[in-house]
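Some notes on the structure that comes next.
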Amino acid sequence: MSSHLPNATQPINVGILGATGTVGQRFITLLSAHPWFKIHVLGASPRSAGKRYSEVVKWKQALPIPAGVGDMVVRECRVDDGDVEEGGGKWRGCRVVFSGLDADVAGPIEASFRAADLAVFSNSKNYRRDPHVPLIVPLVNPSHFSIIPQQRALHSPPLQKGFIVTNANCSTTGYVIPLCALEKAFGPIESVLVTTMQAISGAGYPGVSALDIMDNVIPYISGEEEKIEWETLKILGGIAESDAGLKTFDMHAKHPLRVSASCNRVPVIDGHTECVSVRFERRPPPSPQQVREAFAAFTPDCQALGAPSAPRRAIVVHEEADRPQPRLDRYFQDGAGVSVGRVRQCQVLDVKFVVLANNVSIGAATSSIINAEIAVLKGIVG
Amino acid sequence: MSSHLPNATQPINVGILGATGTVGQRFITLLSAHPWFKIHVLGASPRSAGKRYSEVVKWKQALPIPAGVGDMVVRECRVDDGDVEEGGGKWRGCRVVFSGLDADVAGPIEASFRAADLAVFSNSKNYRRDPHVPLIVPLVNPSHFSIIPQQRALHSPPLQKGFIVTNANCSTTGYVIPLCALEKAFGPIESVLVTTMQAISGAGYPGVSALDIMDNVIPYISGEEEKIEWETLKILGGIAESDAGLKTFDMHAKHPLRVSASCNRVPVIDGHTECVSVRFERRPPPSPQQVREAFAAFTPDCQALGAPSAPRRAIVVHEEADRPQPRLDRYFQDGAGVSVGRVRQCQVLDVKFVVLANNVSIGAATSSIINAEIAVLKGIVG
Amino acid sequence: MSSHLPNATQPINVGILGATGTVGQRFITLLSAHPWFKIHVLGASPRSAGKRYSEVVKWKQALPIPAGVGDMVVRECRVDDGDVEEGGGKWRGCRVVFSGLDADVAGPIEASFRAADLAVFSNSKNYRRDPHVPLIVPLVNPSHFSIIPQQRALHSPPLQKGFIVTNANCSTTGYVIPLCALEKAFGPIESVLVTTMQAISGAGYPGVSALDIMDNVIPYISGEEEKIEWETLKILGGIAESDAGLKTFDMHAKHPLRVSASCNRVPVIDGHTECVSVRFERRPPPSPQQVREAFAAFTPDCQALGAPSAPRRAIVVHEEADRPQPRLDRYFQDGAGVSVGRVRQCQVLDVKFVVLANNVSIGAATSSIINAEIAVLKGIVG
Amino acid sequence: MSSHLPNATQPINVGILGATGTVGQRFITLLSAHPWFKIHVLGASPRSAGKRYSEVVKWKQALPIPAGVGDMVVRECRVDDGDVEEGGGKWRGCRVVFSGLDADVAGPIEASFRAADLAVFSNSKNYRRDPHVPLIVPLVNPSHFSIIPQQRALHSPPLQKGFIVTNANCSTTGYVIPLCALEKAFGPIESVLVTTMQAISGAGYPGVSALDIMDNVIPYISGEEEKIEWETLKILGGIAESDAGLKTFDMHAKHPLRVSASCNRVPVIDGHTECVSVRFERRPPPSPQQVREAFAAFTPDCQALGAPSAPRRAIVVHEEADRPQPRLDRYFQDGAGVSVGRVRQCQVLDVKFVVLANNVSIGAATSSIINAEIAVLKGIVG
C-alpha cells in the first residue's frame, strides 16, 4: 500500500450535499460509523440553512440520528457558506463531498463544488452522460477513474483536485455486478433482457403515494428503462483513446450489447428484484452451473484494494428455489453486496437468473462511499 | 343459431365441485346471476356434506353469499350422492359440472363424473396434459372442442355426453390472449420471454402467508414456469390428424415456438401483471403501432357465437404510460377481458408490452363458464 | 309526497367544485348514474379551466370516467365562469352545487357560491363549526335542515335560495350512526371512547406516502381527534331556540356527553374501522343483546323520506366473531350504510363494539348526495 | 453481587424446545450472541429429530442462521432423547430450557422437563394461569420469582431445581410496562381501556393468510382480549400469604382493577401498537406531564440486578406528535424496551397514550431470556 492510506489519527473531512433527503440520511447513517471519513458539514436548501439538523430533517431511518449530527448547523449548498464564521472553512475544509441532491438542483451545485476544486461523489443522474465524468459501480469499473486527469485538464480553468464522479442508477447497479462477473468469466455478452420489480424507496420521499402502490404494481418508472439501457453500456464498456490522446467511453463498442429493460414499481420498501436473461457471444454458452460458479468466484478490484466498505462477498449465490427475496436478503452485509439465485437455462436466450440489490445501500449511498474510498486508496483524492 | 340455444323458460342445471374453495366461491358468485345456468348442486368434502353451505364455507368474496345458495345442502363429490333423497337426481340432473377442486383430489373425482356421462369443465391442472382433453382459453382456441368426440369414443366404455374440458393456468391465460391476437394478425411467433408478477389469490386460500409476502417479492412459484411454457404450445398450437384419423394436439409444431417464463409472487390481491417480449417469424416484424392496432382489432370467436359471459372487448389497449395496473384495471368488464399497455420496441426481441389479467375471473372461473357457454352454443353439451 | 319530488322528465342540474380531486371523482362516479341529478358543470383550479376533464384529471377510480364526463370542459370555481359562452349559465344553471374542495381554498369559494344564491353541499371542514351551518350526517340528523331559513335570513344580503350544508368528517360519520341508534333506543349516552384505524384514502391524493404507511401504523392524524370530539356533539345535539327566536345548536347540552378519540392511520385503502366503548346515562344499561337489536332496528328518517341513495339497511349487524372487516364489508350497499359487529360488554364503560364505515362513500360524497336528496324532498332546494 | 454471577470461562448450557418455530428461531438469533448462555441442544418434532437444523427449519429471520447452529442435530422434545449417544447428556446437560412450543403440545412437554428437574422458561400460554407458576414480565414483576420454592415443594415428587416460569402474551407485555411505571409513581390504577393493533408475526408462521390481512384490519384475535384482561391482574398484582403460609397471586385484589381490551390484527410485520386510556384511584389524577416524567424515570429492577439483555431504557418517551410507529421504533434497543408517545388528557378516563412494543422481542423471546438472566442472578437457576 502507500502514503494514500488514511491513518487513524487524521480523519478525512467530508461534506454532504442534500443532507436532509432520503439519500442524504443514508449517507449520514453510514458515514457516522465510518473508519476514515468524518462528517464535517451538512448542506441543504437555504430554507433549512442556519438551523440545527434535527430541527429541519424528517428523519425516516430505523436507527435514530447519530450522536453529534442532530446538533450540527445546516449550511447552504454554496461553497462559501460558512466561510466567514469558520475562517474559510466549512465546505473548503472537506476532502470529499458526497451529493444526495435531487436531479432538479444537482447540476449547477455539483459543478460549482467541482469548480472550487473539490472532489464530488454524486448520486444524481445529471452528469452520468457527461463524456468526461465516469459512471462508476465500485464492484465493477473502478478502472474508469483513469479519466479523472482528463476531466480536470479540460475544465476551464483546469483543476488540481476537483472532479465529479457519479454512481449509477439503483436498478442499473444491481444487475451490472453479475453481468460484469459473467463477462469476466465468459467473454462478451450479446444481449440482456431485464425485468425489474423496484422498491418504493427508490423514488425518494414522499415519493410514491400509498394510494398508487398498495395492492398494486405500476408497470412504469419514468426514464428508468432508458437509464438502464444506456448506463449498462457505459459501465461495462471500456475507455478508448484517440490518436490525439483523448479518452472516451467506448460504450461496449467492440462487442455491441443490446439491452432491453422493463421496469415496474412494486409494494416493497427496500430492495430491487430483477429477472435477467442473458445471451453470450461464446457458443456454446456456459451452463447454468458454470454461471453459478462464476458468480461465486467473482472478486471485484475494490476488495483487493482494501476499501473498508466493500462487501466481503460481492455476489451471494442462493441455492434455495425461492431466493433471493427482498425482505430476507436485502440487509445481508448491510446491503453492500448483491444476491443472485435461480440460475437456470433460458429457453429464448442462454441463461436466466434473479438478482436482488439493496437500492438504498449498494444502489445509492454505499456505492458513493466505496467510490470515495477507492479514490483515496488510488491517491486521486488529494 | 340453433336449437342448442338455451331459452329463458328452461334453465340449465349446473353443479359445482369444490364449492367451498376459492374458485368454487367465485363460480357461485358468477353463476348466481347467470342468464342460462342455474346452480343445482354444490359439492365439497365429506366433512362438509349434509350441512348447509353457509355453515361450512369460509366466504371470502366482497359480495355476500347469493340469496338461496347459503341454505343449499352441500353434497359429497360423488355422482350418486343425493340420489336416494332426490330420486336419482342431484348430480345426474346437471347438464354441466364445474370443478374448482384442488389438484390433489381433482383427478379421480373429475374422471368419475365424466365416466357418469357428465360434462366436466375443470379449473384443475390434472388433465391439462391429457392428449384427449382440450385445454381451452375461451378467447383463444374454442376450435379445440373438436377433439371431444374422440375423447368420448376412446373412453372405456365410450361415452354419449360425458367429457372433460380444462381451462389454462391463470398466468398462461392472460398472456396467450394477446399472443393469439398477434399470430392471427402477423403469423407465427418465434419466441416469447415473459416475466410475471402474480397476485396472491392465485395460490388459493389460505395460500400465501402474510409473513412471506408483505413488503416482499417471492421470485418463484412452484411448477408455474413449466406450466406456462408447456400450456402455451398446446393452446396456440393446432390439431393434427393422423392417417388413421386420430387427432392430436400439435404443440405449435410447424413453427416451433420457444417460451421462457420467470414467475414472481407480489403483494397484490387480485390481478396478474406480465411483461412480455416477442419475436416474430416475419421479417421485418410489425411495428409497435401495428401491434397495438392488432390488439384493439382482436375479436375472438366466442363473441361471434354469442357467449353471454364473453367480454365486450377482449383486449383493452391502454395509451397511458403507466397502465395497465392491477388495482385500477382488474375489474373492468368484471375481469373477463385482458388489458394491454406499454406496447413498444424491444431491443433484444421485436416488441414488448405489459398484460394484466384478472386471475380469478378470466384466469379461472370466468373461463370455465365461457367454455361451457360455447359448448352449449356448439351443441356439445347435451 | 309532494311537488318537490323530482320527475323523470326534468333532471336537476348539479355542479361539482373540486371535480378533479379524490372526492370530486367520487361525486362524478356516483352522480353519473343518479336517478335525479345531472352533472351540468365541473369546477377546478384556473390551471385546469378551459381544458377537457379527461386531460386534466388523474383519474384513480376502479371504474373508468363515465361516458360524457371526460369531454366536459372544466370551469373555474367562480360563479360567473362560463356565463358569457353559455348565456348566463353554467354555475347559475345548477340547483345544487357539491363541493369536494380542499380546505385551504374551500372557504371563500363556497361562500361566494352561497352569496350567488346557490345551494352548496360541502365536504370540507371550513363551515362545520359555523353556528348557522348545519353539520348533517344524513342517517342521523336531517332535522338540522331547519336552521336553513335562519342562515338565509342572517346572510347579508338575505338569500332566497342559497345556503351551505356540510357533512361530517369521515371518521365522525361512521360512528355517530350507531350512537344515534343507541340514543334513540336507550336515551342519552354519557361517555364514548373511540379508537379509529383509518384508511389512507381519507387523506386524499397523493396524501399518505407509501414510505410512511407500508408495514406501519401512524398513531396520529392531525386535527382528527378534535374533529370527532366536537362534531359528535353538534350532530347528536339538538337545536335550542332563544327567547328572541334565534336557533342555536345545543351541543348535546342537556346531557353533557364526553367523547375521547384516538386516531390511527393504517395500511388500508378504503374503510375506517373504529373500536367504540359507550356508557349510558340509564342504569342499568342495556345489555349487548339489546344493543344489537337496537342497531338492527334503526331506521333513519331519510329512508322514510325516500332519498334514493339512502341505504336499504342503515346498520348491518354482523354475528361472526371477526367482522366487520374493511376489505370484506366496505362495498356492501355501495358503502352507503355502516357495519357493526362484536357487540359485547365493556369492563370499564357499558358496552363496546366495532364499526366499519366506507370513508369515501357514506364518509364523504354519498353523505353529501343524500343530504341534497333530502333537501330536494323537503323542498329546501328551490 | 454474588457467586451466582456467571463467569466468562463457564458458559451456561441452554436448550430450546420448539427450535424450528418462529419463537424458536428468535431464541436462536438472540442466544447465539449471548454473553452467558450457550445453545447446547435444539428440540423439535419427531419428524425433524435426527436431522441437521438447517435441513428442517424454514428460516425466516433477516439475518442468516448463526454459524454453528445450522449443523446441530435436532433432538426430540423428550428429556432422554440424545442421552445414549451423548452419555446422559443433551437435555439434562442444560441449566436452562427455553420453550417456544405451540400451545397444543407445550403442556405435557414442559411439565416433563420440569419433572426432570430442569428450569423451564416458557413462551406458551399453557401454565400462565397455574396458581404456582409465576407470569413474569421481566421489566415489571421479577419479585414473583419468590413463588418458585413453593412450586418445587408442591410438585410430586418435590423438585430440587426444576420449575416453570412463563412470560406474558405479547400484547399484554407491551402495555403492562407503562402501567407498572404509573402504579409505582401514582398508586393504584382503577381502570384501563386498551385497543391494540397487532402485527402478524404475533400469530406465528404460516399464521395469518395474506388474503385475510392485506388492505384489511381484522377486529378480532381469538382469546386475546381475555388474555390481556386476566394476565394484567396477575402481573400487576402482588403475592398474598395465607395463615398456613401458602402463597397465592392476589390478582390486584386490594385495589380492584378493571381492564377492557379490544384487539385488532393489522398489516404490520412486527410491533404491536396499543392505544391506552387509564383512570387512577388518586384524585386529582396526575397530569399528562407528570405521567410523561414517570415513564421516563421508570427503572425496572432487572436493570439494577445487571441482567445483560435488559434494555438501557425501559420506556422511551417520544415527543413527536406522530410517534411511536412500528416501522421506525420497533428495533430500538433490539426491541427490548417499549416506546410510549402521545401522552395526553383523556376526556373520559384520566390520561391516554400510545405504546409500541416489539412483539417478537420484549413480547416473546427477549422476555424469556431476561427472565432466565434474573433467575441466574438471583441464584434460582442451579
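Every chain is named by a letter (A, B, C and D) in the order it is written, and numbering of its residues begins at 1.
Heads up, the rule we're going with is that a contact is a pair of C-beta atoms (placed from the backbone, for glycine too) under 8 Å apart; a residue touches a chain by one contact, two chains touch by 3 or more.
The UniProt protein names, listed by chain, are A, B, C, D = Aspartate-semialdehyde dehydrogenase.
What you are looking at is a predicted structure, and each value in this text was computed from that prediction instead of being measured.
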Farthest-lying chain, centroid of Cα atoms versus that of subunit D: B
B-C or A-C, whichever has more C-beta pairs in contact: A-C
Centre distance in Å when subunit B and subunit C are each reduced to the mean of their C-alpha atoms: 42
Where subunit A and subunit C are represented by their mean Cα positions, the distance between them in whole Å: 49
Residues of subunit C touching at least two other chains: 60, 214-215, 267, 269, 327-328
Complex contacts: residues of subunit A adjacent to subunit B: 191-193, 195, 197, 214-220, 222, 229, 258-260, 262, 264, 266-269, 273, 275, 277, 279, 321-328, 341-342, 346-349, 352, 354
Touching residues on subunit B, where the partner in the complex is subunit C: 60-64, 214-215, 327-328, 331-332
Contacting residues of subunit B [partner subunit D, same complex]: 60, 200-201, 205-215, 267, 269
